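Given below, in the form of structure tokens, are the structures.
Paired with subunit B in one complex and with subunit C in the other, subunit A is shared by the two complexes that follow.
After this line comes the complex of A and B, so read on.
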């Protein structure tokens, strides 16, 4: 049996810098791991001493892809810290913004980052000539997500109008109506996406793990993205303010980075975790698609994160249509979004495309930030990715070096990691 | 004639500027007809070191970044810094105000010594740069304008006039008149005054206008009974990297 000695430096088609290392010796796996080599960015330090109204604009710069998600987790944390309750209109509009980001990010990932592997190419660029219709459709769907952001928050990277307790400018109802029309018109394209992905067979891997996501609060019927308690598939739920009991971030002396752990040796967050935990709350349209893609909850193959994203994209598209209806029927009103800064500590938990995201801040009585903490989905997934790799390699050890390397990269890409997002995840080198 | 070859590289940043390039959905296919993109790690696996123009995103924060950046400089005919992180250290420079050790301690506690990091610096502290596309993030139209200019051998556009100029063209109500401090008068334009257009003050992400233009800004502010200090509230979000730090 040939031995493998793989080192993929700066894995491509993922956000941020990470390496994959895999070594086998006489058919025995010596090493199979994902190393994060991103430069430290110190956002928590940058927040200290800044005023409440500046924090959001600083932390969105943690990540361009999840900029709106960071903004929302940040606003929720600041609001919790200062006991501010935003209006129903604010909450509904924020949910639309988050859906817009999910659409844009899921289509970016499924088409541009994941699909090239399935179609046997290195990027979407060769597809522009060989599969032009697919690329045109992908761009159109991604643009829809972007235009939703542009309509409500000014631009996707980095959102402008999102503020503590409201918006600096409310969207024009006619523009919102036009967006809704475009979502409806995009449904056939989304259908075609489902058709494309239903022809794809993801690689095999089976490993049961713990899934953590938001779950409904008090019998809420909504598939939760913006609101809810934190739940584990191993049974246990927490209020967002207790997020530290979930992620148990620790600076591991061996791994020189913060890693997360709840009940199982590692846990997974993201589209598949949400799908597994909240399947019953998916809209019927999305459940139908799951069936078509042969995806049943719980599913224990991480390569299916991509498929769960397709299911979620369908859910989100239909939900957007309803949410916009709700907002327009009630009428968009100017509201008083003034608030008084005050001392306190608070946390926000939001499901961003790659999984559950926590922000938490402590403010003094003038609203100056004294302490900040951001726990990013990819940080939470690192241990799980490495456990998956350890399980995967023995099952594919007989394959060629290229195949093993590709399968490992595809596994990492399935997690859609956002490495520059992982403020804590520095130089993770698994010894 | 072969198409110009362009490549994208990233250092310490949020990759939002690269995403802005991918966000040019309407123009992306046309762009691909004009140039060959030979490296773009966020979106492609192919990697070729034969290119004409390198677009570099992100700040330099570690010694190990320098050889990679120099290699890019050697390979490229033109190096263009994209985004505030790359051109002026941007958001990454906030922490420069505190000792690196303190910043590490806040984030990593007593494990702080395990991490290699220095001050955040713009890329022109390490290599010569041929042009800048400012902003956090870059503006899509500004990016396309720059590529167009470079393709015909011209210098990239330089928007050395205050954001206010574009803000007035968009007929926005001036935030200063309702008592909201806005950095528009001293910040470089080219973004179509997007923040004020969405009801929010400019926070200076495109850097300051040149000294020569600051004078006329002062006069403009005086009419509102304001000084540069009054509107500089957000100065340290993007503009904290001091020129004198450059060769420190």
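After this line comes the complex of A and C, so read on.
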């Protein structure tokens, strides 16, 4: 049996910098782990001392992919802290922009980051040579997601018009109608995506873990992305304000990201966690696709996160069409979105493409931020990725070093990690 | 015929964002009818569909050329050698990789690259004094380069 000594420094096709280390000795796994080595970025500290109306514009810069998700978690936290209830129109428009981002991000991951592994090429550039139609379709779908964002919030990333309690500029109904038409026209491309992924067989790995996501509040029938309670597959449920009881962040000197743990030794967030926890709330069109992809809830193979993203993309596309219909039928109206800043602490929980995201702030009576906390999906997944790697390596130990390395990288990439977002400052204390 | 004029860069990293600053200034200028302006930001990848759908493209970006900060030069794809970048990664995807991907998918439209020599690439939303001091010249250069490239007149 070959022994392995693998150190993948800066894994490619993920956002940010992370290393994989795997060492075996006489067929025994000594080490199989994923380390986050990205430099910390100090966003939480940057929020302290800034005014309530500036916070969203600061934290949206945490990520260039799920910038709207960060903005929405931030607005929800600020609104919770100041007891502000945004209007139904604001909530519906926010849901549309979040769906646009999910489309953009899921197609980016499934096509450009994950598909090259499944189709046996090193990156998207050779993929463009061997499967030109696939790359052209992927670019088109990703652009659709970006254009949804641009239509609603004024820029394809880093939203401008999203504000506490409303919008600084409402979208033009005609532009919204045009976007809806493009979503409808994109349905055949989405169907072709499903066809492509239905031919792909993901690597095998079975490990039951705890799945954490938003879940419906009070019997709500919507597959939750924008609001809901925090639920665990092990049965507990929390209001977003109690998010710290879920993630229990702690510092590990090996990582620049913190580590999280709930009831099980580790937990998973993201598309598969949502799929497992909320399968019954998926639209029928998406359930049909899950069947076609042979994906049943609960599914305990993390390589299937990519497949769950395909299912969610279908759900989101159909939901977008209906949501835009709802907003246009009711008519977009200027609303009074004034509010009075006040002292308080609040948390927001939003499902962004890579999983549940928490933001929380404390404000003083002038609306100046005194404390900020952002718990990013990848941070929550780090421990689970490590547990998966420990389970995976003994099952593939007989393979060549290259194959083991590839399977470990594919596992990491399945989580669609956003490592740049996940880094935190580690406090160093000298004694 | 349409001409895409795109400014690239990170406006939070000083002169790195000069391309975006220039496109923002051009929004208030009379431009040839075919010109469509775009703030390309840092997501180079996302501008590829726009590049492939355009008849002509002008890209404005900070470029380390070893010249005096604030200097401006233009190039066509024939007279620049694109470096081989790192393997595709979202984190580091630069213009050369975007253009390489574009050329594999389709033939790229005629392009003009305009580079501005930066002084300060460091956190901060403002341009360096050196680049700001040359801004009038840079804008004049960019403006004439666009007119020469499109061979159009401004109404």
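In the analysis below, the second predicted complex is superposed on the first by the 417 of 431 C-alpha atoms of A that agree within 3 Å, B and C clash if a C-alpha of one lies under 4 Å from a C-alpha of the other, contacts with A are read in each partner's own complex, and residues count from 1 in each chain.
Rule of thumb we're sticking to: a residue touches a chain if its C-beta (ideal position, glycine included) is under 8 Å from a C-beta of that chain, and two chains touch if they have at least 3 such contacts.
Source: prediction; values computed, not measured.
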Q. Is the arrangement of subunit B and subunit C around the shared subunit A a clash or a fit after superposition?
A. clash
Q.
After superposing on the shared chain, does subunit C or subunit B touch more subunit A residues?
A. B
(Q) Applying the document's definition of touch, where does A:135 land relative to subunit B and subunit C: first, second, both, or neither? (A) both
Q) Does the superposition put A:45 against subunit B (first), subunit C (second), both, or neither? A) first
Q: Quick one: classify A:391 as touching subunit B (first), subunit C (second), both or neither.
A: neither
Q. Between subunit B (first) and subunit C (second), which, if any, makes contact with A:217: first, second, both or neither?
A. neither
Q | Partner chain in contact with A:156 - subunit B first, subunit C second, else both or neither | A | both
**Q.** Common ground on subunit A, meaning residues reached by subunit C in one complex and by subunit B in the other
**A.** 12-17, 61, 64-65, 108, 112-113, 122-125, 128, 135-136, 139-140, 142-143, 146, 155-158, 420
Q | Of all residues in subunit A, those that touch subunit B in their complex | A | 10, 12-17, 38-42, 44-46, 48, 54, 57-58, 61-65, 67, 108, 112-113, 116, 122-125, 128, 135-136, 139-140, 142-143, 146, 153-158, 160-161, 163, 167-169, 251, 253, 256, 258, 420-421, 423-424, 426-427
Q: Using the touch rule from the top, collect the residues of subunit C that touch subunit A in their complex.
A: 12, 39, 41-43, 46, 48-49, 86-91, 97, 100-101, 104-105
Q: State the interface residues of subunit A toward subunit C in the complex, per the touch definition above.
A: 12-17, 61, 64-65, 108, 112-113, 122-125, 128-129, 132, 135-136, 139-140, 142-143, 146, 155-158, 420
Q | subunit A-touching residues of subunit B, taken from the complex the two chains share | A | 10-20, 22-23, 25-26, 28-29, 32, 37, 40-47, 61-62, 65, 90-92, 94-95, 98, 102-104, 106-111, 114-117, 136-137, 194-195, 197-200, 203, 234, 237
